[in-house]
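Shared chain: subunit A. Partners: subunit B in the first complex, subunit C in the second.
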Partner chain A sequence: MRFLTKAIVSIFIVLAFILSYPILTPASKSSLAFAEEVKKDASASSVKEEKAKDKPAYPPAPKLKETDYPKIKGFNGRIVIWLAAQLHLWFAAFVLAVPIFVLIIEGIGMATHDERYDKMAYEFIKISITAYSITAVFGGLLAISLMVFYPDFMKYMTGIFGSSMLAYAFLFFAESASLYIYYYGWNWLNCGFKKWVHLTIGLVLNAVGTTLMFLANAWVTFMMSPGGVDAQGVFQGNSWAAVHNFLWNPINLHRTIANIAYGGSVVGAYAAYRFLSAQTKEEKAHYDWMGYTANFIAIAALLPLPFAGYWLTAEIYAYSQQMGITLMGGVFAWLFIIQAVLIGALFLSANYYLWCGMGRSEGAVRYNKYIKYIAFVIIACFLVWFTPHTLVMTQTELKALGGPYHKYLGPLGIMPAKNTAVNIMILFTFLSFLLYRRANKIATVSWAKYGNIAQIAIFTGAIINIVFLGVYYGYYTNTALKVGSSVPQVASTLFVIILCMIIDVFMFKGAKDVAPLKWGNVPDRSQYALFLLAVSFTWLMGLMGYIRSGIRQHWHVYTIMRDNSPDAYTPTIGYAAQIVSIAVIIFMAIVIFIFWLNQISSKKH
Partner chain B sequence: MKTFLKVVAFSVVVILFYAFYASYGIPQIKPEAPPQEEKLDLGSMTMYQFIALGDKIFNGKGTCTLCHNPVGGRAPVLDSVASIALEHMKDARYKGKAKTAEEYIRESMLEPSAFVVAGFGVKGTNDTESPMPNVATGAIGLNEAEIDAVIAYLQKKAGTEVTVKIPVGAPAKEEKAEAATAIAKTPDELVAKLGCGACHKIAGQVGALGPDLTKVGAVRKEDYLRRSVLDPDADIAKQCPTGPCAAGMMPKDYKDKMTAGELEMLVKFMVNSK
Partner chain C sequence: MKISRLLLAVILIGIFYGFFKIFFGVVLKQPIPSSLLTMYMFFVVVGILLVLSFTEEGARELMSPIKNLLENPEKKMMRMVVFVIVSVLAGYITYNQIKPSFEAPLELRTIHPAPPSNFSAFNKTYNLLTLENPFRKYAKEDPEKFKTLVYEGGEVYFKNCFYCHGDKLDGQGHYAQGFNPLPANFMDVGTIAQLQESYLFWRIATGGPGLPKEAAPWISSMPVWQNFITEEEIWKVILFLYDYTGYVPRSWEKH
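== the complex of A and B ==
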C-alpha cells in the first residue's frame, strides 16, 4: 500500500517535469533554432547585436495582455496557485526541518548512550515520512497549475532557471533516496560503525534538503529582487547571479530558522495528540517528554527569529526603499499588527507550556510565585509591540483611514519602542526557561550564591540598557537615527542569553535533584498550548507568504515583468486571511489524519 | 476518537478566531488597483489641465507621496522645491549639470544622486547616494510627458513660474495603447468605469441628477435606450429628481469611450432592469 502511493507520486512528479521541459525551455542554450531567431531580431538593434555574438541571446521579459492568461471555468488561477503553493510550503518546511533535529537528537543519543533519544528520533522521522509523499503531491500540483494558469510567466522563468529546475528535480530524487535509506535503515544500521554510516546518511539528507530549499528560494527571491537580468529582463547568461540575487540570503536564513521552529511545533502537536490519547502511564510519560523536547526545539529556534526577520526587512529596504515602505508603511502595516498578535500567541503559549511543566517537579513550588510577574511583563511587552506604527500610505488609502495615524497611536508605535518590547519579551521567555531548568535542582557548587547574583545583575543591567537605548533613540534622536538602537539592543539580549546559559550550565553541573522528574504529570491543557503553538505557526507562515508575494504588487518579477492578469490587484488583508484560513484547515486536517495514521500503525496486537 | 474530535475542534476554533480577527478586528483597506497607463491627449490640453495631470501622477501612479510626505520623515517635502532648487545647485556637494529649476527637478527625478539633500542619503554613504529610484525606470516608470507634468505641478506648487512646455505630438508608444483602460467585463464594472452613477441611480449607485434607471427597461425600448447613450439630446426625458430634465447635461462623448461590445452589454443591462 505504502509502496503504491510512493510509486504513484514519483511517476506523477517525473511526468510533470518531462512534460514541462520541452514546452518551457525555449531559451535554453540547447535549442539553437530559437537562439537563431532571437539573433535575427536582435540584429535590428545594433547594440544588442554585439552581445548576441558571443552569448546565446535571451528574450526580454514578455509584456502580457489579459488574454494571455488562460481561463478555466470554475477556477480562479490565483487561488489555486495560492493554495497549492502554501500547502506545498508547509509540508516542505516540515519535512525539511524534521531531519535537522532528528540528526541532532540521534547524535545526542549516541553521545549519551541513552536509548530513549534514539527511539524518539526514530518516532519523529516516522511522522515526516508520511508527510513527505504529501509534500511531493502538492509540489506536483503547484508545478502543473503554474503551467496551466501562468504559462508565459513560467516560460520566462524556465528560460532563466531551466538548469536549476533540473537540478531541483535531481535533488528531489537524492532527497527521497537518502530519506528512505535513513528511515528504513534505522534498525539495520544501528550499532557500532554502522551507526556512524547512518549518521552520515542523515548528514547527506540534510545537505540535500537544504540545497533543495535554497534553490526554490532563489526563484522566489528572483521575483522580488531580480538579479542577472537587465532592465528589460534580458537574461545575461550568468545563472549564479540570478540565483544569488539581493534577497536570497536573507530569505534563506529566515526560512531555515523558521522551518526548524515550525517543524518543532508540528511534532510537538503530534506528541500532544499522543499524550491526550495515551492509555498507560508509561505512554503518557514518553509523549510528555517528547512534547517537551519538541517545544524546546521550537522555542530555541523562535528566539532568534525576530532578528532574522528584521535583517530581512532591512535588506528589503536596502534593495528598494519603495518596496520596503510598501511592506511596512502601506496597506500591509496592519498586517504586522496581526503578525504581532500571532507572535504574541506563540510566545505566550510557549511560556504557558513551560509553566505548566513545572508540575513535573516537586522543587518548582519555590519558583511558582514569580510566574505571575513574568506573565505580566510578557503581556505588557506584547501590548507595546501590538501598537500600530505610523501608517503612511497613498492618498486614497489615507482617506479611507481618516489620517495617517491610528487613533490610539501613541509614541509606543515607533520602532525603537517595539524593539525594546521584543527584546524584553525574549529575555523573559528565556527567564521562564531558566526557572524551569532549575525547578527540580539544587546547585551544589560552592559559588552558587554568587552565580545567582551575577545572573540577576546581568539580567537587570541588560534590561536597563535595552530600555535606555530604546528611550534615547526613540525619543531624543531624529528619524534617520531611530533604527540605531536595534543592534546594541539585540547585542544585549544575546549577551544575556549566552552568558547566563554558561553560568547556569556550570552552576548546575552535578546538581542534586529535588525528586525524580515526574514525566507525564502535566495537565491536559498544557497539551492544548502545544496545539495552539502549531496552529498559530501555520497560520503565521501563511500570512507572511501573502505579504512576501504582496509586496511585489502588480509585478510577476518586480520592475521587470508586469502582471496583467485580472488578478494583478492586491487583495485586502481580510480576504487573504480567509484564503489562508482555508489552507490552514486543509493542512491541519491532513496533519491530524497523519497523526491518527501513525497512532493506529503503532498499535500493538 | 474523542481526542481526535477535541483536537480538531480546538484547531478550528483557533483558526476561525484568527480569520475573524483579521477580517473584522482591523480596518479593511482596499489596496489601490494597479496603475493603468492613460492615453494622454496632450495636443488639446491646457496648462491648467497639464498641472492637474502632474498632481494626479504625483499623488498616484508616481508613488511620490509614499516617501515625500509630511509624516514619514523619509524624504523632504517638495512644496517649495522649485524655489529651493537654486540654492541646491550652488551647494558644494552638487554634482549635476542643471542650470535652471526645471532642469534641476528633472535631474532629481532621473539621477537622484546628483544632489542628495542632507540627512536623506542612503545610510552609510554620507549623503552621496540617494535612496530615491530613477522615476523613469523600474516600478514607477513615468514617461517624459508625465515627468514634465510633475515638474509643472511642482513649479506651480512652489508659486514659481511654470517653465515647462506641454510636449506636443509626443509619439504615443504602442505599449500605451495596449495597456489603455481595460475592457469592462460586467455591467457594474462598465457603469463604474463610465461614471453613470454620478447622475443616475443604476447598478447599485445612487446619483440624483438624471432619471432613476433601475426600472427603465419597463418603460423604454432597446433602441431608445441605445440612442439615449449615443446621442443624449435626441430625446429629453421629462422628469429628473431635481425638477424637469434639461438638455445638454448628460455627456455626449460616451460613444467614443466604449467598445461596441460594451455598449451592447450596457443596453441589454438597462433593457433587463425592470
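== the complex of A and C ==
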C-alpha cells in the first residue's frame, strides 16, 4: 500500500512537470539548440542576422501586476507555499541525510563483523522510508501550489531550468528505486559478495539523493544570486551558468552538513521516544546505544556547521551588500539573535546528553569535577554568542548608558567576538566528548602521561591562538583581514579536533575497562535533551530558511524579477516566527506519527 | 557544613546576578539593559541547573528539598507559606510588568538600513555595488595629496558634521542629546568600521529621507547633504572619518 502511494505520488509529480513544461515554456530551448540556432543565423544573410540578433531567444523576466497572481478564496498563496516548502525541506533533509550515515554504519558493521551495527542501520533506514513518501507528498504540494499561485514566476523559472527540472523528476525515480532496493533488499543482500552489492546500491542512493538536492539548491540560489541571465533577466542559454550561480556551492555545502546533523537529531529523538517507552532492560540498552550513536552523528556534523554557515553568509555579503546588511545588521538581525540562542541550546543539550551519559560508566566519576568548568566556559561563550550589538533599551536605560551601544558589551555584538566564542564553544564540546570517551577506560600505553600533556598543550595553544586572532584581527585591522582571520580560527579548531582524536585513539588502544559499560543506565532527563536537540534543529532550520528566502525582500529573482503580489512585503519578526512555529508543530506531529508507526510495525503477537 | 544543592543553586544564581548588576552598573558605570540581563540570567540559571543535575545523585539532591516540601505531611504549614510567597511574588512581578508607565515602549530598532543596489544623487545614478571612493587610490599613489584631501575632509566635517557627531567623532556633539536615537558614534567598532565607503556616501548624500522603503519607519535626523555640500566634499569627509578613527573601510577580495 505504502509502495503504491509513493509510486502514485512520483508519477504525479513527473507528469505535472512534463505537462507543465511545454505549456509554461513557449520560448525555452536547451542550450545546445540555442547554440545551433545562433550558428545557423551566423551563416544567413546580414539582414536576417540583424533581425535574429534583435529578437531575443529567451524572453526577459516578466513585469507582473497584482492581477497576474491568481487568488483562491480562503487561501493565502504565500503561507501555503511557505508551509509546503518548509515541511518538504524538513522531510527532504531527513530522508537525504539518513542514507548517508546508514551507509557508514552499515560499512562499520561489515568491517567489524558486529551485527548490532547492521541492525541499527536497518532501523534508521526504516524510519526514513516512512518519511520518504511524506517528503514526496509535500514536494508535490509545493510544486502544484507554486504553479497555482505564482504561474508567471514558475513559467520564467521553467524557461531557464526546464531541463534540470525534468532531470530532477527522473532522478526522483532513480532515488525511489535505489531506496526501495536498498531497504527491501536488506536481508536478501546481507552476506558475502551480496553485501558489497548492497553497499554499492546505498552509495548510488546517496549520490542520486545529493544530486537531487544540488539541483533544487540551484533553483533556490538562482532566485538569490541569478546567474546566466542579463540585467533584464534574459537567459543567455548557458544552463550551467544558471545552475552554478554565485551562492550555489556555499548552500550545497551548508545544506549537506546541516542535513546530516538534522537527520542525526531526528533519529536521536526516535531513539529517545523508544527508550522512554521501553519495557525491558534490553530494549532500554538498545535504544540508549541508538540514541548515543544518533547524537554522535548530530554533534559530529554540528561542529563544522557554523563554519559552513559563516562561509555562506560571507558569500551573501560579498554578492550583495544589501542582502548582507538586511541579513545580519538590518531587519533580520533580531532573528539572528534567536538563531544564536537556539544554536546555544543545541550545544547545551548535546553537552548535557554527554554528561548524563557518563552515568553509564563507573570510571566517569573521576571526570565529574571538570564538568562545571566546561559548563562555565560554554555558557560564557554562549552569552557572547547571542549578545546583540544594538541593544533593546528603555529611555531610562538609554540615558544611563549614554547611547545606543554598550561600551563593553557592544564589541561582543560583532562577528569577530562571535567567531571566537563559537570556536571555543566547539572545542569545549569536543572536550566533553573526549572525557566521555575515556570515562570508562584506563590507558595502558607507557606514554599516556605525555599524551595527556600534549593534548592539554594543543588545546591551550589553540585557544590562545583563537582569542588572539579574534581580538587582534577582529578589532585592530581592516575588514578584509577580519573576515580572513576566521579561517585560521577554524583551522585551529579543526587541528585540535583531528590531532587530539588521533592521540586519543592511539593512547586508548588496548586500554583497560574500569567496569562493563551499562547501556540503558542513563536518566530519562538525558532523553529529553535529545528531544530538545531535534526540536531546536527543526525550529532553527525553519527560522533560518525564512531569513535566507526573506533577504530577497520584494524580489522573486533578486534584482531581476520583482514580486508585485499583495504579499510582497517582509512580515514582522513575530508573525514570521508564528508561521514557522506552526510549521514546526505540524512537522513534529507527523514525525511522532512516524515514530508510532515504526513502533507498531515492530510489535509482534 | 554541607549546603544543599538547591541552596547552592540559589547562591550561585545570586552571585552571577550580583556580578552583572554591580560590576557593570557600579564599577564600569555601564549597566546591562534589562532585556539583555534577562537573557543572560535565563541561560545562567539553565547552566547552573544542568551542572547540578547531570548525575543521578546530583539531580536527586537538587530536587529533594522541593520534593520534601511538597510531599512531607509534617511540612504543611511551611508548604502553605511557600505557596503564598510564590503567588505573591508572581503577582508582584506581573503587576510591575503590566502597570501603566510613561516610558516609551521598547523598540527593536534596526540599526543598519540595507542600502539599495543603486540610488540617485547629484542628478546622477550610482551603483552601490561598484561605487568606490575616487580619492582612495591616492593613499598609495600620492600620499601627500591624500593627506591634503583628508585635511580638507576634516574641514568639511568641522563645518558641518561635528555639531551632532562630536569633535571626537563619538556621537556626542553639542546637539546630540536632542536626538533619539543619538547620532552615530564613528569610534564604535560596529559603525563605519563594518561598512563600505559606498554605504557612507549613500547615507550622507541622501540622509534620513533617503532611507529605504523596507523595514520602515526609520528614525534618522541625518540631513540630505547633497543639498548642502558637493560630491567631492562627501568623499573627502569619508576619507577623514576613516583616517581619524583609524578604521579601514570594509572591502572584499576580488572575485
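To be clear about the criterion, the second predicted complex is superposed on the first by the 537 of 605 C-alpha atoms of A that agree within 3 Å, B and C clash if a C-alpha of one lies under 4 Å from a C-alpha of the other, contacts with A are read in each partner's own complex, and residues count from 1 in each chain.
Just so we're on the same page, contacts are C-beta pairs under 8 Å (C-beta built on N, C-alpha and C of every residue); 3 or more make two chains touch, one makes a residue touch a chain.
These numbers were taken from a predicted model, which means no experiment stands behind them.
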item: Touched partner set for A:66, first subunit B, second subunit C, both or neither; value: first
item: Touching partner for A:573 - first (subunit B), second (subunit C), both, neither; value: both
item: Contacts of A:501 with subunit B and subunit C, given as first, second, both or neither; value: neither
item: Contacts of A:559 with subunit B and subunit C, given as first, second, both or neither; value: both
item: Subunit B versus subunit C as contact partner of A:371, first or second or both or neither; value: second
item: First, second, both or neither for A:321, with subunit B first and subunit C second; value: both
item: Touching partner for A:539 - first (subunit B), second (subunit C), both, neither; value: first
item: First, second, both or neither for A:584, with subunit B first and subunit C second; value: first
item: Touching partner for A:491 - first (subunit B), second (subunit C), both, neither; value: neither
item: Subunit A positions touched by subunit B in one structure and by subunit C in the second; value: 318, 320-323, 325-326, 329-331, 334, 341, 390, 392-397, 400-401, 404-405, 478-480, 553-554, 559, 570, 573
item: Subunit A-touching residues of subunit C, taken from the complex the two chains share; value: 24, 28, 30-36, 39-40, 43-44, 46-47, 50-51, 53-56, 59, 103-104, 106-117, 128-129, 171-172, 180-182, 185, 188-190, 193-194, 196, 198-199, 214-215, 247-253, 255
item: Of subunit A, residues touching subunit B in the complex; value: 63, 65-66, 231, 272-273, 276-277, 318, 320-323, 325-326, 329-331, 334, 337-338, 341-342, 390, 392-397, 400-401, 404-405, 478-480, 528, 531-532, 535-536, 539, 543, 553-555, 558-559, 563-564, 566, 568-574, 576-578, 580-581, 584-585, 588-589, 592, 596
item: Residues of subunit A that touch subunit C when the two form their complex; value: 318, 320-323, 325-326, 329-331, 333-334, 341, 344, 348, 351-352, 355-356, 358-359, 368, 371-372, 375-376, 378-379, 382-383, 386-398, 400-401, 403-411, 413-414, 475, 477-480, 523, 525, 553-554, 559, 570, 573
item: Complex contact set, residues of subunit B against subunit A; value: 3-4, 6-8, 10-12, 14-16, 18-19, 21-24, 26-35, 59-60, 63, 65-67, 69, 71-74, 119-120, 122-123, 131-133, 137-141, 175, 178-179, 182, 185
